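Two complexes, one shared chain (chain A), two partners (chain B, chain C).
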Partner chain A sequence: MTIQFGNPDRPNSYIGKTVPRPNAGRLVEGRGKYVDDITLPRMLHVAFVRSPFAHAKILGIDAEEAKSVKGVLRIFTGADLAEICTPWVAVLEHLKGLKSPPEYPMALDRACWVGEPVVAVVATSRSAAEDGAALVEVDYDPLPIVTDMMSALDATTPVLHTELGDNLAFQRLHEEGDVDSVFQTAHKVVSAHFKTGRHTGVTPEPRSILVDWNPAERQMTAYHATQAPHMMQTALAEHLDIPESRVRVICGDVGGSYGIKVHVYPDEVATAAIAKIMARPVKFIADRLESFTTDIHARDHEIEARIAVDAEGKILAIDVDDWTAIGAYSVYPRTSAIEGNQVVNLCGGPYDFANYRAKTTVVFQNKTPTCQYRAVGHPIAVTVTEGLVDMAAAALGMDPVEIRRRNMYADDVYPVTSPAKMRFEGLSHHQSMDKLVALMDYDALRADQAEARARGVHRGIGIASFIELTNPSPFMYGIGGARISAQDGCTVRMDPDGSIVALSGVTEQGQGTEAMLSQIVAEGVGVHPENVRVITGDTQVTPYGGGTWASRGAGIGGEAALRSAQALRDSILEVAAAMLQADQASLDIRDGQVVDTDTGAQRMPLEELGRIVYFRGDTLPDGLPRELVQTRHYITSEYPFAFTNGVQASYLEVDTETGIVTLLKHWCVEDCGRIINPQLVDEQIRGGIVQGLGGALFEEIHYDSEGQLLNGSMADYLVPMAGEMPDMIVGHVETPTKESALGAKGAGEAGTAGAPAAVMNAINDALRPLGAQVTEMPFTPERILRALGSIED
Partner chain B sequence: MTRIFADQIDVELTVNGEPVEARVPVGQHVIDFLRQNLGLTGAHASCEHGVCGACTIRVDGSSVRGCLMLAAQLDGADVWTIEGLSDSDSIRDLQEAFIARNALQCGFCTPGMLVAAEELLAQGGVPERTAIREHLSGNYCRCTGYEAIVDAVETVARQRAGQVQSGKVRA
Partner chain C sequence: MKASAGGYARANDLSHAMELLASSDGSGRVLAGGQSLIAAMNMRLSTGDMLVDISRLSELSGVTEEADTLRIGALTKHVEIGADPLIRAHAPLLAEAVTCIAHAAIRNRGTIGGALAHADPAAEFPACMLALDAIIHIQGSNGERSVAAEDFFEDLFETSLEEDEILTAITVPKAEAGERQVLQEIARRSGDYALVGLCLVARSTGHWVSLLSVGSTPVLAHNAMTLLDQGDVDGAVVALRAEIDPPSDTQASAGYRRHIAGILLRRAVAQAKGEIA
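Then we have the complex of A and B:
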């Protein structure tokens, strides 16, 4: 049955409406069940001794004194765990040339970053484990270190992993058109140097895992705060030599993930290895310092870029030289080359231009490994692109909205392939820009800005258009050899009471996955969403799937849910037709009742159908299919990714005396295709924007030249709090993808993708009359005052 | 455990209206005592140094960081956690406003956020949005971007002041 999305009054019209989240009620009562809330019989706790050096040889480990601590039961070294755990190498075949050395759950004879696990202390309580860890003596011999990104490949720089030959992890050059000659002849060329700060996710719930090994059943059960339970099942099985079918990963409530919890972390694998050795449940909950030193970092990029435009503001060429340093190892199994690769794929994304060159250089260094974090690569690519476009507009004396309108792909040009060879099925840059300009009342804002400037108050307007990569196909990881599913599945069944249960391979971390699935299934079957119980996050129960990352939950998981729900509807109606001696095509299910399609007359409630099928099947005709359960899987096939688009605007004030930026308001118009739940989409956008604003104004991991992390606490690494954040106006354009019946694309990362660039452009709009410009994030008061020349040295 | 932390102390207190007697390690934080000893897992340990507010509970009428107070200090105290505030229906309107406005996503910060918000609401009146933002600036939320939380708190303030009907929340 085709859903008439255009008719909001159609029966069972739950897709497109705000319905409450089924899990919110218990979360507001403190009845969530996060990993640290789980206590198992005979459970032990592990604390890790971590390297205090950025690079050091491990000469010896003395754990005798630690063993004397009451409650400490066992102590493991890296060598101990290596006996039962094979190392991993985080490379992907389609990222040609990517290299990384084998990595073990704990360092063997060499530690390569501050925070790398070296020794594990297992005790009856976390505090005893920590007391024991404090008494472990490790004899280190410091080795030469690599910290600086831009000199990592210099001949005089030591090589971090000598067996790899150099510090180059990955390099990719993409070239389209004749970039060099265009730059030689262009009307105007503008260049700039950008830096994006090294971030980390700062999930409210730290990384958490509780692993139980039952030797009698040879079964491992891992309660894990993860975005990708099936991926973790595979990783634990493969490296701990357990059949995949004997590893069960359960992902209950997760206290924020944002990409941080989609990776295989050495200390979490170590916890599983220890559980297997000790045959007891072992819990590891990272403390906040461990979060800062061992959660993946991201966004540590330096970019030299330039743009060539003609006299009318038409973009002729963009040339990007991107560098990123990824720490000591490429992170398993998604690798740490994806972010740089994304920068190459995404720069210039909204614009119709011909000549494009982008190169990314990915180097090793003695710091915490970096990997995929919300909006992977997007904030960097958008900052570079939108920064250059604004600078070009200023050089031409053109309005920032106008230069974008002259260059964005026309809304009727699709499908189209970008100079980065990204294929766009259908975007709405111009509609989105028109809507944004109207929402923010652009002209009135310019007038307000001028009025403020006359009073000596420096306000700025910043615009940032963007594209966002969602709904990934196997082109993202699978073709590179990683066992990460791009497909997802959903099983929907009807129970005797007429209620519906949906089991999905995508997971919930708070974005509202379960609400989204409940309303899709409700519409697909024909029941109220309250009568749909959604189960996610258990590899032993749900269909195999990829989980939640790259904004795929609604687009991939949602389509699988819709197809399985519609298949179940057909199954129910086949039984109903036999019972009612009616033509199946003349029946429908509405609000939990089998009805006549034409008249809406009620024929039978689903609970009566359930009663007959499950308890009086003897009364049904022989041979009548009576399986009230259906499973469907979905994978995209026409396009490698479903791109979305949008545009953001920031209005802010810069105090030129103090350098402090005050955010006045923020706007975002985005197009994620079919909107399933307007409220959930809006709040994904708002939350994402604020995560981007954090990067723009506050967030930056600092290291000293010895590779020591300097701000490993929430008092020192600043995140956005309620007081500094603005209200945000969110609008939408809907261009459904034609690949699926549902038409949904992702919305989880759009806010983060565009917000930093909007803020940068707004600050520079405010500072331009003063001849100042900032391009290094975060835009701290110090950096702004330096740009103004107020402080030097 | 080292000798200095082996020392224990007896405390008698009230938690969510129920009497509790316990012998606690002198170094144990309130949040660990509540979560590990009493099974009250609603408040969460997150930053463990008083910045994020996920462990916020009510002690003797004030919002307190469960990670900055020792269980040994609780002798004679009247402690309320999200479990007790829920069971007693004392913040039901606030919880319903959070659900209606989707002022929570992952829910990890929510119990602490609710306690902090109720502290402001209990002062009465309808605070300005900037005052709500300021009051909640000790409670970290990574998911929502705060606006929905501010909306929900503002709505409840208006409801309690009789300015709007309950159940109507700014969408």
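Then we have the complex of A and C:
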């Protein structure tokens, strides 16, 4: 049955409407169940002694005094755990040349960053474990360190992992057209140096894991705050030598992930190893300092880039030289080369131009490893691209909206392949821009800006077009050899009371996945969303799937849910047709009732059908199929990724005496294809924008030259807070993907992708009359004053 | 991290608190609102403390009017100071400072005495005490003593309080008719510690200028004050930038702080004159 999405009054029309979130009431009432809410009999706690040095040889460990602490049961070194846990090497075959050394759950004889786990202290309480950890004496011999990114490959710089030969983890050069000759002859060439600040995704709930090993069943159960339960099942099974079928990962409520919880962390694997050795449940909850020193970091990039345009503002060529430093190891199993690779894939994304060169250089250093954080690589690529486009517009004396209109792919040109070789099925750059300009009343805003400037108040408008990669196929990880599923599945069943249960491989992180699934299943079957119970996050229960990352939950998990729901609808109607002696095609299910399609007349409630099937099956014809459980899987196949697009705008005021930026308003128009739940999409966009604004104005991990992390607390690491956030106006254009019946693409990362560039361009729009420009994020008051030349020393 | 306290006892009255402190062998720590101490304990920056909880000592709370001064009990909470009519009428600087202190949850529990005894140079109240020329009242095992605010703050998180002493109250002079009290500060986010903050009190007897977040203690800018008394604002800005030695940290460099101090002084003077809101 094809859903008439264009008709909002169709029966069971839940897709496209804001329906209540089934888990919202529970969470608001404090009835959520996070890992730390779980207490198991005989449960122990682990605390880690972590390296205080960025690079040091471990000469000896003396844990005698720690063992005497009341409550401390056992102490493990890296060597102890290595006996039962194999190391991992985070490389992918399709990222040619990517290298990384074997990494163990705890350092063996050498620590490579401040915060790397060195000793585990297991006790009856976290407090006792910490008391013990404070008494463990580790004898370190500091080694030469690598902290600076741009000199990491210099001959005089020490090599972090000598067995690798140098500090280069990965390099990729992509070249299309004749870049050099275009730059020699172009009407205008503009170049700039950009920096994006190393930051992290601060999750309200820290990383959490509780692992139980049952030796009688030879079964490991991990209660884990994770985005990808099946990936974790594989990782724990593989490295702890347990059959995959004997590892169960249960992911209950999760307090935010943003990509932080999609990786294999050494201390979490160590917790599992300890649980296996001690045959007791062991809990590890990261505290906030541990979060800052050991959650993955991201966005540590420096980029030299230039753009060539003709006299009409047409982009002729873009040339990008990106550098990123990823810490001491590539992170398992997704690797730390993806972010740089994305920069190569995404620069210039919205624009129809011919000559493109991009290179990324990924180096090791003695800092916390970096990996995928919300909108991987996008904020960097959008900042570079949109920064250059604005600078080119200024050089030509052209309006920033106008130069974009002259270069964006026309809305009727699709499918098209970009100079970065990304394939776009259908985007809406011009429609989105038109809608944005109308929403923000661009001309009125320009008038307001001019009026303010006359008063000596410096306001700026910044525009940032973007593309976003969603719904990834196996081209993202699978082809590289990682056991990370791009496919996802959903099982839908009808119980005797006519209620529906849906089990999905995608996961709920607090963003509303279960609401989205409930309304799709409700529409697909023909019941009210309240009568759909959604179960996610249990590898022993749900269909195998990839989980939630890369904006895939709605597009992939949603389509699997729709297909399974429609299959269940067909099964129900087959039984109903037999019972009612009617033609199956003449029947429909509406609001939990079997009805005549044409008249809507009620024929039978689903609970009556359930009663007959489950308790009086003897009354049904022999051989009548009565499978009220259906499973379907979905994977994209025509396109490696479903790209979305959008455009953001920022209006802000710069206090040129103090450098303080006040955000006045923010707009985003985006196209994520079919919108399933407008409120959830809007809040995804807003939350994403907030994290993008954090990167633009506030968030930066600071290290000193010795590799010491300087701001590991919520007082010193500034996350964006409500008081500084502007009103956000969100608009949509819907270009559904034709690959799926649902037509949904991802919406989770668009806000983060475009917000930093919009803010940068707005600040520079405000500063331009003063001859100043900023390109180093975050744009702190001091960086703005230094750009203005106000500070003497 | 989990806090590791050495013990906890709740004092019934001030003399009980003094006894508890005296019997704690030097590990006693006075717990008032706990908004800095508990956070430090939860990061194990402070361990083994014998906590002496004075938060229920009602005799240490509240604002009372004296002849030419206001007496503010040490346990008066930030939120109470912000709303107190006597404070608003006679020491408006303190009410203004409350709007800059952290967030509502902290203001609801944090106390002025705790903030002063903690002596964070980035906090607002210590700098306000300097600008208001306040007197700090202290109870010790040998009786009471009083100390001028400028002599109270000795170094980073260090005051003239002895181990067996408790800060009990503050007295501040009532503002004269026509006196202006202004606080200007720059913070990255609402409620953050200021990158730099400046208090200006313009009295008939002269100007008082104090700063926060520019050193290991809150400081009085004596040279700038002298020049303001002479009506030389430009000179005061130059003098102010010369007489402070601010730190560099992850939020801002010394150079930025020095520059901003001058900007804030200009803004404070303009605000005191009613030229800006």
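By definition in this document, the second predicted complex is superposed on the first by the 791 of 793 C-alpha atoms of A that agree within 3 Å, B and C clash if a C-alpha of one lies under 4 Å from a C-alpha of the other, contacts with A are read in each partner's own complex, and residues count from 1 in each chain.
Everything below uses one rule, namely that contacts are C-beta pairs under 8 Å (C-beta built on N, C-alpha and C of every residue); 3 or more make two chains touch, one makes a residue touch a chain.
On a predicted model such as this, the values are computed, not experimentally measured, just so you know.
In the superposition on chain A, contact of A:M721 is made with both chain B and chain C.
With both structures placed on the common chain, the touch criterion links A:F698 to chain C but leaves chain B unconnected.
In the superposition on chain A, A:R21 makes contact with chain B only, not with chain C. By the document's definition of touching, neither partner reaches A:G547: not chain B, not chain C. When the two structures are aligned on the shared chain, A:G505 is found in touch with neither chain B nor chain C. Judged by the touch definition given at the top, the superposed model places A:N711 against chain C, while chain B stays out of reach. In the superposition on chain A, A:I791 makes contact with chain C only, while chain B stays out of contact range.
Look at A:K70: by the touch rule set out above, it reaches chain B but stays clear of chain C.
In the superposed model, B is the one of chain B and chain C that contacts more residues of chain A.
With both structures placed on the common chain, the touch criterion links A:T780 to chain C but leaves chain B unconnected. Residue overlap on chain A between its contacts with chain B in one complex and with chain C in the other: 127, 131, 287, 713, 715, 720-721, 723-724. Chain B contributes residues 1-2, 5-6, 25, 27-28, 35, 40-49, 51-52, 54, 81-83, 86, 95, 98-100, 102, 104-111, 114, 129-130, 132-134, 136-150, 171 to its touches with chain A in the complex. On chain A, the positions that touch chain B within their shared complex are 18, 20-21, 23-25, 27-34, 36-37, 69-71, 127-128, 131, 201-206, 253-258, 287-288, 509-512, 679-680, 683, 686-691, 713-715, 719-725, 727-728, 751. Of all residues in chain A, only 125-127, 130-131, 134, 287, 289, 657-660, 698, 700, 702, 710-711, 713, 715-716, 718, 720-721, 723-724, 780-782, 785, 790-793 touch chain C in the complex they form.
Of all residues in chain C, those touching chain A in their complex are 1-2, 4, 43-44, 186, 188-193, 195, 249-256, 258-260, 263.
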